[in-house]
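There are two complexes below, and they share chain A, which is joined by chain B in the first and by chain C in the second.
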Partner chain A sequence: MTFASILIQLLNGLAAASSLFLVSAGLSLIFGVTRIVNFAHGSLYMLGLYAAYSLIELLGRTPLGFWSAVVLASIAVGLVGAAIEVVVLRRIYRAPELFQLLATFAVVLVIKDAALFAWGAEDLVGPRAPGLGEAVQIMGKRIPVYDLLLIAAGPLVLGIMWLLLARTRWGALVRAATQDREMVGALGVDQAKLFTSVFFVGALLAGLGGALQIPREPANLDLDLSVIADAFVVTVVGGLGSLGGAFLAAILIGVAKAFCIGIGTVHVFGFEIIFSKLVMVVEFVIMGVVLVLRPYGLLGKKPALQRAIGDILPPLTSPRWQVAVAWIVLFLLIPLFADRYVVVLMTDIACFALFAASLHFIMGPAGMVSFGHAAYFGLGAYAAALLFKRAGLPMEAALLLAPFCAGLFALVYGWFCVRLSGVYLAMLTLAFAQISWSVVFQWDALTGGSNGLVGIWPSAWLAGKSAYYYMTLALCGAGIALLWRVLFSPFGYALRAGRDSPLRAEAIGIDLRSFQWAAFALVGGLAGLAGAVFAFSKGSISPSAVSIAQSTDGLVMVLLGGVETLTGPVVGAAIFTWLRDEVARRTEFWRAVLGLTILAIVLLFPQGLVGGLKALANRWREARA
Partner chain B sequence: MNAVLQVEGLHKAFGGVQAVADVSFAVSAGELLALIGPNGAGKSTCFNMLNGQLAPDAGVVRLDGKDIVGLTPRAIWRRGVGRTFQITATFASLSVRENVQMALYSHAGKLRSLLQRFGASFGVEADALLDQVGMLDQADRICGVLAYGDLKRVELAMALANRPRLLLMDEPTAGMAPKERVALMALTARLARAQKIAVLFTEHDMDVVFGQADRIIVLDRGRLIAGGIPEDVRTNPDVRAVYLGGTH
Partner chain C sequence: MLTRNRLLAGAAALVALSSVAPASAQGPIKIGELNSYKIFAAFLEPYKKGWELAVEEVNAAGGVLGRKIEIVSRDDNGNPADAVRAAEELLSRENVSFLIGTFPSNVGLAVADFAKQRKTLFIAAEPLTDKIVWDAGNAYTFRLRTSTYMQTAMLIPDAAKLAKKRWAIVYPNYEYGQSATAAFKKLLTAKQPGVEFVAEQAPPLGKIDAGAVAQALADAKPDAIFSSLFGPDLAKFVREGQQRGLFKGVEVFNLLAGEPEYLDPLKEESPDGWYVTGYPWSEIKTPEHAKFLAAYQAKFKDYPRLGSIVGYSTVMSAVAAIKKAGSLDQEKLVAAMKGLQHSTPFGDITYRALDHQSTMGAYVGRIGVKDGKGYMKEWRFVDGKDALPTDDEVKKMRPN
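Up next is the complex of A and B:
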């Protein structure tokens, strides 16, 4: 590599880093003040791109038209952000933190379909920036002038934000709220106004980040989740709530990615290293290393003490066996009177119920939220498929070995994850899931790459849909029963104790980390079982089983049903799977319908469906008494 | 007199600030030793070096003659040290009885079972401990809904669960009503004497300190400036100067 090409890669990286920084800065700002992890931030970026595209078409491809479009698009996205805060989030600040997360997921779904409706499914390629289309020669290489401008935009916005935060009353309030939200409230500051304004500014930054990219990347509907994953990584590497950290991290990651593309394939001692394939993984590797070395990010500080711990989680009650037996009998009878379609749907539901129950175990009672639970589901599915197709094992053996493979991965990933807690832990789980996804996606020779693997059919005795349904019911039911049983065991209680008070757990001799690690492996294995059963039921497997979307589906199932009850996740999985299936058959815009349904549930039942129904039942009983 | 806890030449500096300098003392079985001093004297630093949360720069901490410096809080608990915290730390979603049972299960090394039902063992033992601290009538309530003074009692019961040789109590009565404070420390003193437990506690309430402690040591700016039975400490001119100001 020559010096000139190194310089080019560096400039490329810095140009990409600017937009990454803008999105991350907004995310970080919002999290700092409101403690909301805004999953919809990537969607706001995507909206910025689309809005800029349309506004440029409207205002004309002149310098004035282009720049007015960028500014107007950012402001419009800022207003969308403020609207989200006012309409949705303001009503649920008192709800558990995870519920706010669910609400922002729902917003992601709604925005995706709104964009699909307004702009269609085709990628939209924006114009070059008028007047800045040409390139300058730097050391014999051509660099677009627009890229140089983008490189300047990052530090410029950082400077403006710094001035805003350091020199204005609003900035002082934001800094104060980031440090101690309750104290700011106690001092009589109108929190509603502050939060709305923070959402406006945060969303505006995301919109600006998107709008500025219009000459460099086409607007498309997959940007929301890919950008939010990038932005999470940047904020976590930089340190939550630290603007300077986000800037540093954006540059680090932007440049690292650019170099991976630039280096291409290198031969070292006879080995062929394809750096360009690392581009999807490199940021997550950086994040993993940073979090292990500096658990609160490069410039982050240990999170401030939060006095308001929120509601005490109610004790878990085990479902009554009479009720359980009634349900089991019903499930067993289904193939006798229902058609093939319902049996297939019920098979799906059983798989996802185990997936959701395993996620619930780790995020509810064990207190470790996972944003990347699809890793274990997907790796279990791929393990089953590979053992069957590549290793030539019988289907039964592949199915039963796959959970142990997934559990093994959970053991490795978990070793890192249990060293962290809270949002940082959640982000690291996401990182591992993304690494798994990109390996699966790119290793064509083994996994079939983006096409996945086909021809993964069960043995003859399970070939019938009803037979396979009964097997699914038995395996997934056993998995769920095991999870519930363990929750009431000394091991499960120790996990709950550790969630309630790590300090006290340590002070009575509980080695919390080793318990959490074991829990990680257990739920990883069971999620893997769900994935393996799922793979054989479909006959094929694709990388989407390991994707962020699969992970968020799991979170939605758990949160929809309610984290605080055992049956909640199972009910949530059933409703989610059924609803998705039902709505998807009727309309192209099933995501929006699903998102709006979730929002309605969030606003009406802040404890989840099952929790909400239980509360209603209690109230009814009290009224009668 | 055989000391349960023996501290010799404890040192700790943060940057250039000498937080604890050359502190030595001992506590014997059944004895209540109060560690007092004005804010910033180094009491908490001292405490955290004894319970394993902070590593001392120099010095020896012996429990029953064995050095415990460098051990984790977990390991120190296993050697027979119970703790209560300045801000209570209990398991809010578990019942009072389950909180105590948790400590008993841990002591017996029986938390790793996956299929038994938690709560099937140690019920009688837990109730006995709760009876000692006067919390048996609330055994089935969730810790998260208890009054603060009651939480302190639950903590005491948990701290006693591993039959400790030594109790470390960081401001055991902080946040309690004055009447409750004396009652809690009187209870602690009674249990400690009956079970031959050494107790080291820090405290701001002088009624509690002078009423319940067998001996008092006074820390000021990281150094021990006085020590002895309450009457001697009360009349010590150095102590009066530290607390009341003035010269001597």
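Up next is the complex of A and C:
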């Protein structure tokens, strides 16, 4: 690279960083005050692009039309954000931590289908910015004027936000709420209004980030999920709640990506390294490194101790053995009276139930939320497939060895993860998952790359769907039973103690970190078992088993069923899998229907399905007594 | 604890779940279709209209084997595991006769392998991957669409004629882009020894950082560029490349960019002079196409995209196979598919017995801009059979 190229790539990186910063700033603000992991933030960004496109068409492709459209689109998106807060989120602030994530996940589904309905499926390429559509020469190379304007927009917004936060009463309240929102409430500040206004501003920033991209990015339906991961990474690398940190992180990631592209292909000692292929993972590598070295991000501070806003967690109750036996008998009878497809669906449900139960173990009782649980599911599946196809092991051996491979990865990843806590820990698990995903996705020779591997079918004696179902039931059932049993062993009690009060747990001599590490390996192995069983039931495996979508599905299942109950995740897995299957078959706009259904469940049962039913049962019994 | 009630509710749910409706033999012939409708909506909405039109026409003409046909369609969510489950549901609950559809390579390959396992015919509509008929080909899978290799091969004569020495390549980093790039390098080097590939960029699908990519390609000072970008990636690359002067004095070849799905959104910025494969729908005057175009526009008040052709032709292939087999027996259907000939809006096609690839062709031409819209100029139709490797090469790649 010549000096001129380096300079231009630096400018490219800075331009990309600006839009990244705008989205992340809103996310960071919302999280800081409300503690909500707003999964729908990418959808708001996408709406910003669509709204700006339509408004420009309406107002005309003049400078006035363009800039009015950008402003109006941002405000419109801000209002959408405020509406989401008022209609949905306000009702569930007292729900267990992270439950709001489920609601925002549902909102993502609804917004995606709403956008498809309103704007159609074709990509909408907006106009260049009027008057700024040309390029300028810098050292003999051309760079669009608009990119230079974007580079200026980042610091400008940072400055405005700083003024707002540092110099206004609203800003003082936001800062206070970020530190201790219970106290702010106790001092008589109307939290509802504060939260709504924060959502408005956060969503407005996302909308602005989207609207400003109109000259650089066609409005399309994939933007929501492609942006949200980037935004989370930037927010966490910068340090939660720190706008300056987010700015720094955006620049770091934007520039790193631009240079990966700029360096291109390099030959070192006869090896060919294609740096441009690293683009898909570089941000997660950066996040991993930053979190390992600085557990609270670049400029983040150790969070002040939050008082739990939800009710105190009830102790877990184990299911009664009579009930368990009845269910097992029912499951065993299914192939006798149900059709073949029900057996297939139940096989899927059993795999996901173990997947969800293992995630629940780590995020519920062990208190370590994982956003990257698909890593172990997917690596278990790939391990089974590779042992079977490449190493030539019999299917049974591959199936039984795979969990140990997944567990091994969990052991390595876990060693780093247990050193962190809260959202930082969750994001580090995501970083490891994404790094695993990109290796699986790109290592063609071993994993089949984006195609994955096919021809992974079970041995003859398990080829029948019923036979395979019984085996799945046995393995996944044993896995779930083991997890539940462990929770009521001294090991499980120690983990729960560590979650409820790390300080006291350490004080009575529990080596918490080792316990958590062991828990990581255990759930990793069992998620791997679920993945291996799943792979052989499908006959093929592809990188989507390791993807963010798979991790998200797991979270949705656990939260839907209820994180505070033992059986919740299993019920959640069953309901979610069944619902998606059923809804997708019946309607064209199945995402919206699924999203609205989840929203209804969220609003009716803020403790999750099983939690809600338990509460209802309790109330009914009390009324009778 | 409400245990009994919960148990009952659960049991009731399970019974509801398993309600079986056996299909009567006298009803319509059911064909199972699956595709990633929500993930690749821009291509698959017109595709769906295409097969709806085909179904209407077939049934208006009395159906096949004296029965009407019915398509039972499922969304596979772009996920191979979901696709396999949907395929299972179509076969075991809907009792469909066989399977058609799919878009992304990984889903196509997973369903193909499933079809082999279940010994069921599968006509892959759109997956472009070469593997589905070659390296990973199987007895039960046939593919309609002009493959990555074929479309790349169709561009090679023009590329070689230009005699450009320095080529830069950009492709979406997954199966389709990778095989297009590999095929292009191999075929061009064979035709034009001494050609150099001076830069290679592989942005993630849907997430191209177009400014940086355009700059990196420009730095390599190429004489020509081969791209397999499509969708939003293509639109971003075109705009940034134009603003940064990347395309000045550089010839560009871009697979698929002439398909209305991807060309139309570019409007007045459509890149003039690019060599592309695509579908100049308004200019094709063959009787087969004119008939299709009139029917399509009458039914949907919209013009067809390439997806419409694929959807329409897939169903036509399925119907032709049933007619030729005279039965719904899988082995007879598969036998009928081998060497099956029928007419499509793109002319007659044959499913080769050798590798189960159809000889559907594609239109090759250059992009022009007229009235603020992109169109294909200087186009010609290349028959698919002329863009395939020799039989010996194919036999070497295919496992059986």
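Following the convention adopted for this analysis, the second predicted complex is superposed on the first by the 619 of 625 C-alpha atoms of A that agree within 3 Å, B and C clash if a C-alpha of one lies under 4 Å from a C-alpha of the other, contacts with A are read in each partner's own complex, and residues count from 1 in each chain.
In this section, a contact is a pair of C-beta atoms (placed from the backbone, for glycine too) under 8 Å apart; a residue touches a chain by one contact, two chains touch by 3 or more.
Predicted, not measured: the structure shown is a model, and the values here were computed from it.
Chemist: Counting residues of chain A in contact, which comes out ahead: chain B or chain C?
Modeler: Comparing chain B with chain C, the partner touching more chain A residues is C.
Chemist: By the touch definition at the top of the document, which applies to A:Asp511: first (chain B), second (chain C), both, or neither?
Modeler: first
Chemist: What is the contact status of A:Gly572 with respect to chain B (first) and chain C (second): first, second, both, or neither?
Modeler: A:Gly572: touches no partner chain.
Chemist: Of the two partner chains, chain B (first) and chain C (second), which one does A:Asp147 touch, if any: first, second, both, or neither?
Modeler: second
Chemist: What is the contact status of A:Gly380 with respect to chain B (first) and chain C (second): first, second, both, or neither?
Modeler: In the superposition, A:Gly380 contacts neither chain B nor chain C.
Chemist: Touching A:Leu503 in the superposition: chain B (first), chain C (second), both, neither?
Modeler: Only chain B; A:Leu503 stays clear of chain C.
Chemist: Kindly classify A:Val454 by the partners it touches after superposition: chain B alone (first), chain C alone (second), both, or neither?
Modeler: So A:Val454 only meets chain C here.
Chemist: Please work out whether A:Glu122 is in contact with chain B alone, chain C alone, both, or neither, and reply first, second, both or neither.
Modeler: Once the two structures are laid over each other on A, A:Glu122 reaches chain C alone.
Chemist: Is A:Phe491 touching anything from chain B or chain C once the two structures are fitted on A? First, second, both or neither.
Modeler: A:Phe491: touches chain B, not chain C.
Chemist: Can you tell me which positions in chain B touch chain A when the two form their complex?
Modeler: That would be residues 51, 72-74, 77-78, 83, 85, 89-95, 98, 102-103, 105-107, 110-119, 142, 144-145, 158, 161-162 of chain B.
Chemist: Going by the contact rule set out above, which residues of chain A touch chain B in the complex?
Modeler: 309, 312-315, 485-486, 488-494, 496-497, 499-501, 503-511, 515
Chemist: Under the stated contact criterion, what part of chain C meets chain A in this complex?
Modeler: 1-3, 6-7, 10-11, 14, 17-18, 20, 37-39, 41-42, 44-45, 74-75, 77-81, 84-85, 88-89, 92-93, 105-106, 109-110, 112-114, 117, 129, 131, 136, 173-175, 178, 199-204, 206-207, 209-213, 215-216, 218-220, 231-232, 235-236, 239-240, 243-245, 261, 264-267, 269
Chemist: Under the stated contact criterion, what part of chain A meets chain C in this complex?
Modeler: My answer: residues 1-2, 5, 8-9, 12-13, 15-16, 112, 116, 120-125, 128, 133-135, 141-144, 147, 215-218, 220-222, 226, 257-258, 261-262, 264-265, 274, 276-277, 279-280, 320, 322-323, 326-327, 330, 334, 337-342, 344-345, 348, 441-442, 444, 449-452, 454-455, 457, 534, 538-545, 549, 578, 581, 584-585, 588, 590-591, 613, 617, 620.
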